[in-house]
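Read from first to last, the chains carry the letters A, B, C, D and E; within each, the first residue is number 1.
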Amino acid sequence: SSQRQNRRPDDNTLYVGSVQTSFPTSFMPWLSREGIAPTIASMLYNTLFSYDEETGLFNPIIGKEWYYVDDDGNPIVTEEGIIDYDRLEAIYGDPSRQYLAVKVIIHDNITWSDGVPLTVEDIYYSFDIGTNHLLSNHAGALAWTSDLRHNYTNGVLTRQGLFTYENGAAQQGYTIAEEDKDTVIYMHVNKVLGSVMPLFSSLLILPKHIWEPVVSPENQLNSASPTEETLYRYQNPVGSGPYVIDTERSGSQQIVLHRRDDYHLKKDDGSPLFNIETVNLILYQEINVAIYALLKGHIDVLDTAVSSNYLRLFEQEEEILISNAPGTFVQTLVLNVNPVNSERNPIRDLLRENEFRKAIALAINQDNLIENVLNGAGIPVSPGLMRASMTEIYNPHADRLPSDHQERLAEANAILDRFVPDKDSAGYRLLDGERVSFNILGHPGEQDVISYLEIQLQKIGIEVNYAAKGSQPETTFLYTSRFDMTLQGVIFSLSNVDIMYRAHFSALGRTSNYGRLVNPELNQKINTMRTTLNLNTKYTLIQEIQPLIADEFYKIPLYTSNVISVARTDRFTGYQVVDGATIFNNATLQNLVRVKEE
Amino acid sequence: MKKSYVIKRILYSIFVFGIVMTLNFFIPRIGVEDPAERYYPPQGNMSDIEYEIIKQVTRQQYGFDVSTWQQYLNYLTGLMEGNLGTSFRSGSPAVTDLIVDRLPWTLVLSVSTLLIGLIAGILFGVIAAMKRGRWQDTTLLNASTIMVALPGFFIALILSFYLGFEFEIFPAYTDPNMVSNFDWSLSAIQTVAENAALPVLSMAVGSIIGYAQGTRNAVIAVTNEDFILTAKAKGLKQNTIRYKHTLRNSMLPIVTSLGMSISGLIGGQVVIEQIFNWNGMGTLFLEANNMNDYPLMMGIMLLLSGFTILAILITDLIYVLLDPRVTVGDKR
Amino acid sequence: MDKVLKLRNLKVVFPSGHGIIRAVEGVDLDIHQGESVALVGESGCGKSVTSQSVMKLIESPPAMTRVDTIEFLGNDIKDYSAKQMQDIRGKDISMIFQDAMTSLNPVMTCGKQIDEMYIRHQGVSKKEAREYTIEALKLVGVPEPRSRAKNFPHELSGGMRQRVLLAMAFACMPKLIIADEPTTALDVTIQAQVLNLLRSMQKRHEMSLLLVTHDLSVVSNLADTVYVMYSGKIVEKAPVKALFQAPHHPYTVGLLASVPKLSDTEKTFSQIPGTVPHPMKKPSGCYFHPRCKFATDKCKNTMPPLTTLSENREVRCYYPLNLKKEATA
Amino acid sequence: MKNGDQTILEMRNVSVNFPVKGGLPFIKKGVIQAVSDVSLTIKRGETFGIVGESGCGKTTLANAMIGMVKPTSGEVYFNGENLYQLRRDAFKKIRRDMQMIFQDPFSSLNPRFNVYQIISEPMFIRGQDDEETMVQRVIELLELVGLSKDDLTRYPSDFSGGQRQRLGIARSIILNPDFLVCDEPVSALDVSVHAQILNLLTKIQKQMKLSYVFISHNLAVVKNVCDSMIVMYLGKVMESGNSETVFKNPLHPYTHALLEAVLDTSIKEDREQVILKGDIPSPINPPKGCRFWQRCPRAMEGCKTIPPENIEVESDHFVACHDVNGFPEGNFEEGYKKPLKSFDDDLSEHGKAHQ
Amino acid sequence: MKKLPLGKRLKQGVIKRIKGIGLFFKRVWSHKQGKIGLTVVAILVFVAVFAPYIAPFDPYDVADRTLKGLPPSRTHLLGTTINTGQDIFSMLIYGTRVSLIVGVTSGISIAIVGSILGVMAGYIGGAVDSLIMRIVDVMLVIPTLPLVIVLTNVFGRDYWIIIIIFVALGWTGLSRTIRSLVLVLKNSNYVKAAELAGASRWHIMIRHILPGTSHLLIMSTALSSAGIMVAEAGLSFLGLGDPTAISWGKMLADAQGGGALLFGAWWWIFAPGVGIFLAVFSFMRIGIVMEEIMNPRMKQTSSVYKVFKNLNSRYIEEVFISMDDHQKIGVDTTKTVEES
């Protein structure tokens, strides 16, 4: 119809709807971390490498290749050119060695979107101010650079960990040839294999020539009162990524991105890596409106996962493609296993019992849950909390509960009969007559899961009630351990496993370890896993950790839901379904082709 | 006398605004020891040390490292310069800038709602009052009993789906290009009008009926006044009486209620903007709320209160123009 | 003397949810050129309704009116349309109301409100109208009329406001002026000012005056002929002197006696017992009989008719008093 | 009715000012001098009249007498005790002897109370708990004021103005006061009812040996009812004394004007009237000197600035007027005795026109 | 003698009050509109109280996948929700509870707080009055819904917190009206009479002032309850209400979020809409009828027209004829007069 044409007037533009509360107004990638900002940042900026979850390898982006190196800067690699972990362990296993040295070589044909060539000085600058809080303030780099051994104290460089031709490589004993001066950089990182991970794949590289003139201790990168100059740069980004932003046409309701033709990565045939010339991101406040827009053909893709309930609606539409991508996000039920003393009570004391927790785990029927709550759009998760698709590290032995559900219920009741003396038709009671009843803290959106849990746990005689999360659950409930159970989503993957295992199962204090689980054995295993310099050993340890976690029943897995997203097929084809992502992703952008009109 | 009343009225508005400013400063500080915590609530994956650093920095950046009174003073001086503080959004945009961007679009809705409500409302009200007891009157009465009980957002939902989505009479939600393409050309204005149609309609229905009911009652009340009898006894023509004597006096209560209704109108717009994807202050406010962006929320509140104060002030001054009796004291 | 007004058998009722209020029950009224006629009676007896009916200002709803004749200057205006009435009102008959504060439009300057009269009835321009207005204000003794005309009603004192109303009423030199309790809201000393003014204006321009009041002393000063009303009916009609010297109806007698006089020497006042009947629950027979010490069974059962005793003297009583006294007068 | 010379109430130089609020909070604009410098003595058993135009301070003065309004300055002695220096309980006790009948019978009865509740309320407040006695007493009073036992459970809305005033009277005398202030008790009522109420008041006074303060603007009523009187104008006493004396020989021009404003039903052809010019000035900034000078037909230059004193011109007859008393000794500007032009132009013109 | 004990007197007083209120409702009932309002409210209250017995299903129950998005049928009168398969009819029934509790509790609390503050401002006057009225002026200019949102953000979203916030913001209008009424009552002569009789401030407040405002309070309770039900629905609709309870506003939000209209499940949107409408409508009716009862002028204008429509013209004619003087001439009066 005429309205359709009117709304998507440009043939080579991909119209993308996004349901967000707001669009970013600043495109300083280190600062914009809410909502769609990372997606946009990743189109405008690049990291050194990208990480392939399946293979555990780094794909080149800005960086061309990298190695662990010995003191002379020689790569520690096997003849095939892959990391030689045995030599690495031999060289660096010595406790007196305090760091790992890494050499990164970058592409030599990269330019910033303003035409200035990108050199290792930009890399140096980015990491350097990332570690210098006096310049960067608490901009996002804080967490990502924490493994880099490059330290500032009050704005003074106290330990150098980055070396380029122009910045101390020679002094440190790394020789860089004159012709490589723009492409080679050495880094010193903590002696953990995962150290390079965030440095390479998370930290977006900033253009030195843009930021150095404006960033100073007086006018920090992340300032509450940025100067006009800074604001201008926030709003008019200069990146090295495949797209540039069209600031003229972008606003609070839409963001327009154009493809850069001088992007350094090309397809094999020399054509641009990304097929889509222009991307028009449109903001919708509400999912319903976004779906209106898609149905009416005002947008091509919806960059927001929709609820599985909508499957029924879209299945009837011919021109709509549904992407039912496997998820990466594991929804778990977290039990408050070890509340601070002031928050202990007889009911919560039950949760301290491993067996009791097992009973709860037994009661949960994941298949049924997925069928009912997710309309089937999800997959079960093993108690080891690792997805089966992560073939390198997944341990199938972690799943040790019987699969027959009736059996499980019977076992659960048997356990409970041992723990709780009194039972009537409505369920178990404590000695003092108090009913065994827990509150589950949750967001309103999680209510259907919780309702399901209520019914499920009722079957084994335990009462569960929904308690809404307040506006600040962290301070009011979680850190004070003023809760019984809560829902928490986790992603354990190759890339983050050593950080996340530590955060969830061994660190105490104000972390996501709301329930303060302390298991010395697990703790020790995680530590070893984190610090080993041998990847194979590390993978083995991860596999060994999974049954331990499963036995704890501290985080009881519920499901991993699929990411359902939709796109119209009347203008473009070649959408790519990517795990854990919506159908608007890098692969899609590279693959989409315009439908030929008859 | 009159001049001094105006000055007093303005001074009093400033006084009220001062209190609102003060409240605005203190509300986000209710119940927290460290304002930095309210401004930057802890995130799950943050270590204690990181959080401490962030809090430290936040305190410094947002000036929480000085005494509360000093903070208050700084806040006031900031306000004097039109600085509503810094939003918690990335890139630390000034609250003022964010608001200024959205303000005109909110005003488009509220002002047109107000105008349509007033004009149509007064018209219908006068008709109903003139045709007292006849179908025009009873229709208004029945309509008003039904309308007051229907929340605007419910009407909006229905309108947006049926008129917007199903029958495509008006856009079901705002055209995202509307704002960026706006250039004062006729077609751009037409686009705005089309897009504003449903949101304005869903808000205006209620206010039309409200003002109509108010006008009707006011007109009837004035019709019973002695001076209307005098006017009749003078042999004045029906129309002279109606327009010169009745209407002007009937406007007095309408003007008073107008100022009061502004606050409700602005408040109700939050939901309507959300439903129609209209990028105004209402949606900005909800965005701010979702992000715990207190500076932005309080900035919007302050502005909305300021508007209301201004509206009440203006209506009061109009009232003075209309009613020479008000010179000192409070009419309300 | 020409008859300015001849009103025959005016009846007005107000139907309401609880019953029918019988406000006026068959009133006849005659006013001659230059004559001033007073309508006296207690509150609620129907004086205002009667006087407003003359101008056909009583609207239906809420009222229902029946009248045989309203003859004004020889024309029966009973069936005049609203438009025709508008031409007469203000020009040929005008009205002064009791409370000047509420009778003036509070948001219009006094001058403008008078201007309207000239613009409406004499078709003059606004500027001319203002000149006339100033003249009129001067005539009723408003000092500095030019600046006063620019004042709003609330800026004037009660006496001044009443003068503005007077100026308005006299603006077009009407044949008949109806004054509904023109002075009750005023202070005693101001009252005298206004009454004096009213009388002199009326006499000077040979106008007829229908004066509605419950204050007998006002009547004695202003009226030629007096109609006494009681509970919607005329109970007595007489020339003023005759009425004061020899009131025939027991109600009139009581009324006259109960007015305190400077010349009185006794400490007690003569009084009429009881209260006026409620307009919805009027007694049978003569409405006055429950308060009348002369009442007989006849009075209790049938309403006495209004009987003409002599020229210009009528009374609604089976047993009129003071008949002899009048004969001697 | 002079039984004994005992004084029941005495006021010495009483003034009452009311603040006038401005538009802004906390800011006062000025004061209304409602009563200024009034001294008077009321004897036991007598009826004391207060006459004056609306707004001249009659009600305020009465309120000051019974402790409802605290005077800005001056003292009030009731039965020899200074009212405003009494302790709370003593004050309460003494107040029991003073009552008031209000001008407006419509707002003086709580529309939610029935007749019994209204009349018995003072007893109820005084802690009289015994229902039976209260009912007895109320019925007694109802009959005294000409109503009946059947009215006990009716509500004020069922009564006419005159009947309501009777209820008010019944309530005011239930505690057997000594002193009753009647604030224009009939002015809101119909003419034919005036006499009823006035007679009732007289009857009650006789029965209960009450002292009355009787406020009115109608001199004819005052003349017949009162033993002594004061004439007030803009908060000041113009003339006062024994009412017979005052009426026989009214001296103040304002009293004259009031007397002549009383329209009598006795028909006189072309009564010659002194008509006061102008309006009552605002009490916020009352004229200096004599407060009456602007409207006074006998005003002189000096009246503008020199306030007249209240001087006893004959036994029990006081007048505050320069024309009567002559100016006091002092250094006045020249020409202060020169009469002011008596009428404004427009008024005199108009006056001529109709004579 | 026979002193009535205080308790008994109190009891009598209470009975009288209750009787008074009963009478008042009777007057509301006698009004057609009032009858509608009272009936609907009675039904809603009944539904709210007996919700567990009326609702055929547990509204919180997330049923089988097979039960999701069912159209209305005999078992599921209003069908089931698309996303969770909850029984919409049961949710509607339970929603009545939340709406009524929030509305009525807030309405009553507003009446209490508003009257206390209004009476204080009007009766005590002076600084107290200035303070309260300044607060009112300030509250008046702050847009309510945004302020409620901010406050729930600060204090949390439990229903009792939401109620407290509504009350904290809602009392202003009422106390302003109460204050002006109190100012009139305070200066009325019957209060003066009571003062003269030695009444304490308490006595006057309790016996004269408060009862004088009671009608206003009942009316305000009805009207503000209605207003708050709408406001609560709006808040829940924005997803800012108490997430644990089922309220009509939340049902609307769920329905909208679940794409009810897109799926053609219009009943899912309309059911809570009608619920809100009915509740607000009936409370408004009662409030407006009360206002009419109290403000006789309004009543007169509206009822006179009704009276006129239903007038029996024959009867009126008879009334007119009865006014005539039947025997105008020929009565033998002079004779009797001379005899007397």
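One rule holds in what follows: a residue touches a chain if its C-beta (ideal position, glycine included) is under 8 Å from a C-beta of that chain, and two chains touch if they have at least 3 such contacts.
As the structure is a computational prediction, the values presented were derived from the model and not from experiment.
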Along touching chains only, what is the step distance from subunit A to subunit B?
1
How many links in the shortest chain of touching chains run from subunit A to subunit C?
2
Of the other chains, whose C-alpha centre is the longest way from the centre of subunit A?
C
Chain pair with more C-beta contacts, B-E versus A-E
B-E
Give, as an integer number of Å, the spacing between the C-alpha centres of subunit E and subunit C.
47
Using the average of all C-alpha atoms in each chain as its centre, how far is it in Å between subunit B and subunit C?
53
Using mean CA coordinates as chain centres, what's the gap between subunit C and subunit D in Å?
31
Where subunit B touches two or more other chains at once, by residue number
133, 165, 274, 286, 292
So subunit C residues touching two or more other chains come to 61
Multi-chain touching residues of subunit D, meaning two or more other chains, are 25
Name, in rising order, each residue of subunit E that touches subunit D in their complex.
1-4, 130, 134, 188-190, 192-199, 203, 208, 211-212
Subunit A touches which residues of subunit B in the complex?
37, 41-48, 50-51, 53-54, 57-58, 61-62, 86, 89-93, 98, 101-102, 164-165, 168, 172-180, 274-277, 279, 283-284, 286-287, 290-292
Taking the complex as given, what residues does subunit C use to touch subunit D?
42-43, 138-139, 141-143, 157-160, 187-193, 195-197, 199-200, 203-204, 214-218, 220-221, 240-241, 244, 254-273, 275-276
What residues of subunit C sit close enough to touch subunit B in their complex?
52, 55, 57, 61, 82, 85-91, 94-95, 97, 99, 102-108, 116-117, 120-121, 152, 154-155, 165, 168
Touching residues of subunit E toward subunit B in the complex: what are they?
33, 134, 137-138, 140-147, 149-151, 153-155, 176, 226, 230, 233-234, 237-238, 240, 252, 256, 261-262, 269, 273, 276-278, 280-281, 284-285, 288, 297-298, 301, 305, 308-309
